[in-house]
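The chains carry the letters A, B, C, D and E, assigned in the order they are written, with residues numbered from 1 in each.
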Amino acid sequence: MAKPIIQMENIEKHFGNIIALAGVSFDVVPGECHCLLGDNGAGKSTFIKTMSGVHKPTKGTITLDGKPMHFDSPRDAMEAGIATVFQDLAMIPLMSVTRNFFMGREPTKGRGPFKRMDIKTANDICVESMRAMGINLRGPDQAVGTLSGGERQTVAIARAVHFGAKVLILDEPTSALGVRQTSNVLATIDRVRKQGVGVVFITHNVRHSMAVGDRFTVLNRGKTLGTAERGRITAEELQDMMAGGQELASLEGSLGGTV
Amino acid sequence: MAKPIIQMENIEKHFGNIIALAGVSFDVVPGECHCLLGDNGAGKSTFIKTMSGVHKPTKGTITLDGKPMHFDSPRDAMEAGIATVFQDLAMIPLMSVTRNFFMGREPTKGRGPFKRMDIKTANDICVESMRAMGINLRGPDQAVGTLSGGERQTVAIARAVHFGAKVLILDEPTSALGVRQTSNVLATIDRVRKQGVGVVFITHNVRHSMAVGDRFTVLNRGKTLGTAERGRITAEELQDMMAGGQELASLEGSLGGTV
Amino acid sequence: MADTAQIIVDERIKKESFGSRLMQRPELGAIAGVVLVTIFFLFTADSAMFTLSGIMNFMTPAAQLGILAIGAAMLMIGGEFDLSIGSMVAFAGLIFGACVVTFGLPLIIAIPITFVFAALVGALNGAIVLRTGLPSFIVTLAFLFILRGVSLVGLKLATDGSTQLRGVRDAVEGDFLTPLFSGDAFGGLFAWLAEIGLVETFNNGAPKVPGIPVEILWFIALALAATYILLRTPYGNWIFASGGDRNAASNSGVPVRRVKISLFMLTACCAALVAIITVMDAGSTDARRGFMKEFEAIIAAVIGGCLLTGGYGSAIGAFFGAIIFGMVVIGLSYTNFDQDWFQVFLGGMLLIAVLFNNYIRKRVTGER
Amino acid sequence: MADTAQIIVDERIKKESFGSRLMQRPELGAIAGVVLVTIFFLFTADSAMFTLSGIMNFMTPAAQLGILAIGAAMLMIGGEFDLSIGSMVAFAGLIFGACVVTFGLPLIIAIPITFVFAALVGALNGAIVLRTGLPSFIVTLAFLFILRGVSLVGLKLATDGSTQLRGVRDAVEGDFLTPLFSGDAFGGLFAWLAEIGLVETFNNGAPKVPGIPVEILWFIALALAATYILLRTPYGNWIFASGGDRNAASNSGVPVRRVKISLFMLTACCAALVAIITVMDAGSTDARRGFMKEFEAIIAAVIGGCLLTGGYGSAIGAFFGAIIFGMVVIGLSYTNFDQDWFQVFLGGMLLIAVLFNNYIRKRVTGER
Amino acid sequence: QDIIVVSHGQANDPFWSVVKNGVDKAAADSGATVDYRAPETFDMVAMSQLIDAAVNQEPDGIVVSIPDADALGPSIERAVAAGIPVISMNSGSDVSKGLGALLHVGQDEFDAGKAAGEKLASMGGSVGICVNQEVGNVSLDQRCAGFSEGFGGSVEVIPTQNDPAEVEAKVKAALESNPDIDTIMGLGASLVGEPSIAAVEAVGRTGEVNVATFDLSAGFLEAIAEGRAAFGIDQQQFLQGYLPVIFLALNANYGLIPGGNVPSGPNLITQEKAAQVVELSAKGIR
């Protein structure tokens, strides 16, 4: 296997008296899609937030391209080539779609004191990226606050994909998406993976994860239950692990195994 | 078929110059689960918001138990027995779980000037309802802002189920939920339906909708594409309609038909 | 939010001490500030400051400010501001003064009239804010000017051209409600305490502290009532919800408009209460009463931990915030510092008190 | 946000007129208020108000306020307040006055020193806010008191006990930078215009309007620059983002700390600019300069459409907000209303101007 | 005729409301149209703009107070240059002539403070406080400075805000922490003088501490009459409003103008005179 781009070792994270992560290790190699799975509240979002510089780990080390790293801010992580779709999307409702899309990394033209935002380019890229995901925007200056849930999520994904240089982290990216948009996102993951980007994909949908995942790590109550490679684990086994091993049979039965 | 509890006729809704709903009709009968499906931005959330009193329709009529109704506020709709899980959940991050759970409908004890919140009862009900959904709260006074995405969604669902008297509206309730919690929610829908409550269930997941739905209405670009009854339509047909009839085959193929 | 915690056994929760659980409450953080300010003055101020009469002395203005601050805090928790409360003190003072002096009404009528007028203006403020969706900052600002101006004009009408309306003390003399709103309570008790030597006396044998000024009692009562309402009643829950996220609250069935309008009315009534107390105490009212009090009230609420964005804070915090502010303002005259430095000290002490309170809270709760 | 709209054919969009698209911009709503106020004064005020000299007369205070308001608006869009700008006017005035009078420095040195001091205090404000996570309201409030106090003490030091420092006009006489910061620009032009009769003259032949007061030019330049920055540069985007949602912005890679600290510095420098202009114009400075200007600046920004919660607003809006405020304050002195009613009118006019602006915007955009 | 009065005191300030009453009375007596203007707070920049606004209206006369000659000078000179007669009042007696004003009606703040200080020193005072409710307002600062000089003994300035309860508490605090204080000089009667008397009573030192104040209020006058306070300094500000307007009206009609400044004060109101003045004070005339 290739050398990991990013390697997280024994990460712990405490919030006041709450232990959200109790020692998690994880790595991503170029060109793979590493799925992070687990029950609600298992600590997935907290974990990828430490990976993208939002939280500082209480304990543990992060190694990027073989060198130990300290991210002081998400900006540091971004400059190291890590792009993230957060579960809460990190969008500003009052700002337009384009401005949200390029927030923090605006394209410019002109130079010196006349360096200014290249709004036309920005609008074009934004509309184009959204169309590629299956959403036709009414206009790039619509406020994000007036978009539907799925439209908003698509903006966040398109943005991360556009700026994802080495690692692309997606925290439940398809939760609010329609059928067509979901297919597009999965296809996109497939495409960027083939370009050599390492993808971290969080989802509750076993089918989605089986469709694109190369490796599967399951978190449970702040700890790793283990990592499996594609082909070594079945969808049913994965599902059992994700649910924390609880009895699903009875429920499943009554609903016809549809979950 | 039983007489509908609530009947919406030719609902239109415009936001400034944007037409979100261009004439949608819909009804719910007691004891059924009516699924509302459609692409991102089709107008599902806007539609159920007019049903639960958040938006006033620009045109169209709402009939409740045979009588025409005007909801001036969500509170009116609630008092008429309609409980809703909104897509944005309608939670206050800074407030505790219990306080969010009972917000607007607090249980009281004592009388006259000594009428006060019955905090113990409230906490107990809240913890119990959450446990029934598969979430063990650390404590009922944790702030909602510190819950994980799925935990937060579960609070919203548990609340609506607890207060859902005649109609229960669920806008993508399972989007952030884990496997176990999803099963619980589907089972809950099944249970309340059997108690005679009418359920409106919005989802992008065809399997979920097929599991519990009695009727299926598909919205597209602010219009109804039609309503089908259970057994008269297959999952594949539904999926095609939801995606707006676009070509999915190629994508599906490359990903192994997993969406 | 102070719900009783149900302890569930969970390996993902670290143990925490009783002290740290206590300090997590917004209402208690401000205590740290009070302690710090007290320690500072214990070292720098004349010992007279912490005698019984010294304490009453700084508590009286603190209480007058605090009554406003508690109202302002509840409104801020509910997500709105009222910048007109300072002017409302002058306006309500005028109404009250005109009732008792110009029209010679007894208190039992004059006081309700004053509250009704105040509540009406508060309701008007609220109605405009909710009707138009304008920020309350700008609407109540307009009323800051309007009420101040109306007070001036009204005073001139009521007094034939002066801006001071006098004779309130004589007019309310002997009214059975007077002791409730002016002077000192528990006079008998203090006289007795002085006799047995527990309270210092003047040479003529009268106790140095004739009793507890009524505003202090009102202040404490209001803080307790407001805390009870916020933490223990459905209405309190609605206040937090309305301020936390108006849409979410309204979507969950909270009658946001009703809550906000009632809060505007409450705040205005707090201002009217202060007006009645101070006018009866001073025996007169003038057009400058309550000048800048709206800002001091907001300051006290913020020191006490209220967020300007709404949805978070406590009445007890505002209580301590008002005490901190009152102590710092009055306390400096007990010290030997050059009074030219007054404002520098005031600002510095405020900053230090708030920083300390913040530091303690973070230390204790372990958040970063 | 004013990105060029790409028109896509979509059956779900109703057509809308050019006018309604224009009014949707926050910066243009305030124009409605200006129009309304102008109409009001056209009917009630002395005709002198809208002569050239009358316009200069109300534009001068509007410009001085407006320079502060634009700074305050940018900071508010960035999600913070600075309540210390009023005191900063006094403090920077002291620094500047002391430099030119007490130390006899030329402007080319004195002006940069003043800006550096102001920027340092601004940075200190920002650093404390970001470091401790305290609300900027309370931190800058402390500096409101501290700077005001320091100005008082400093003035007494610089003048041997007076609170007024005089002689600035003599000290800067003849300095080559003086025309940039004081007096009237285009004096020659106006003298010529007077000669050919286009500008009214006094009996002695001097033009009634000797030129355009420099603060008006600064005001316009600043409004244009701020608008350009907000709408057309990445930094402007970061300001909106930082104010809209701090976490989301920071998670998206906006350097929120840097943005906010630079905004605090900018606001302080705006205050310093006002201080330099007014001190040179008046020839003196005293400890009460800039009193309450922080609130007036915030008022102007809010009239102009800035949200107190941050993330929304415009510099052009603040520009018109300041003009509305300036027109109302000065305009009332051109009318025959009794001064006793001044505040009632001020409040009423503010309210009506804002209501009207709001009503127009809603009517035009069709939102409810 | 049109006459405009621009002062530095607000119409809701008890002191200035009396000036304004004088202005209104003069307007009624002379039949002139008179407008009274003042900035919202003590603000010299704003005040100079109000004078400019007045000049623009080309009235038949302007009345101004001049607390800061540097800041207001150019505007006044502009009025004079435009041929508008100007009379100064209240403050600025020393600079009035130089700026081209016809004459000055008023009292010099510093001299008034000095006179009061001398009087209080002669009443046996040695340790005093000067309670200033608006530090930084130059005319108030001058009163304290004059008081210091005239008093001779040790004087401390106590800064307060515009709130009677706070003034009372602060004076009490000062009295309690320094029992040697035997003299209190207030800079405003209702805002500072009356609460100071209350504070002296609360610490049980009535009669030992001399309380005096600038300006008058009915309540304070009653206290003087009852012997609980020493005196009030009356500068008869009604005249400062009344006379300049009358002068300007006469000037406009007949070209009449007095030949020199009119000193309207200081005028110490002690126990003997207090009782007569109370009624007038309650009406806003003294």
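Here is the rule we use: a residue touches a chain if its C-beta (ideal position, glycine included) is under 8 Å from a C-beta of that chain, and two chains touch if they have at least 3 such contacts.
As the structure is a computational prediction, the values presented were derived from the model and not from experiment.
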- Both subunit A and subunit D are touched by which chains? B, C
- Quick one: which pair of chains has the most contacts? A-B
- Using the average of all C-alpha atoms in each chain as its centre, how far is it in Å between subunit D and subunit E? 33
- Determine the centre-to-centre distance between subunit B and subunit D, using the mean Cα coordinates as centres, and give it in whole Å. 49
- Computed distance of Cα centres, subunit E from subunit A, in Å: 71
- Message: Using the touch definition from the top, which residues of subunit D touch two or more other chains?
- Response: 12-13, 148, 152, 340, 342-343
- Residue numbers in subunit E touching 2 or more other chains? 11-12, 135
- Taking each residue of subunit A in turn, which ones touch at least two of the other chains? 15, 18, 88, 138
- Touch relationships between chains, expressed as pairs: A-B, A-C, A-D, B-C, B-D, C-D, C-E, D-E
- Item | Parts of subunit C lying in touch with subunit B, wherever the complex brings them together | 1-8, 10, 12-13, 228, 232-234, 236-238, 240-241, 244-245, 247-255, 311-312
- Message: List the residues on subunit D that touch subunit E in their complex, please.
- Response: 46, 48-49, 51, 53-54, 57-58, 60-61, 64, 148, 152, 161-164, 166-169, 202-204, 206, 208, 278, 281-284, 286-289, 291-292, 329-330, 333-334, 336, 338-340, 342-343
- Message: Give the list of subunit C residues in touch with subunit A in this complex.
- Response: 11-16, 365-368
- Query: What residues on subunit A touch subunit C, complex-wise?
  - Reply: 14-20, 22, 56, 221-222
- Query: Where on subunit E is subunit D touching in the complex?
  - Reply: 11-12, 20, 33, 35-38, 40-46, 48-50, 52-54, 56-58, 68-71, 73-74, 81-83, 134-138, 141, 145
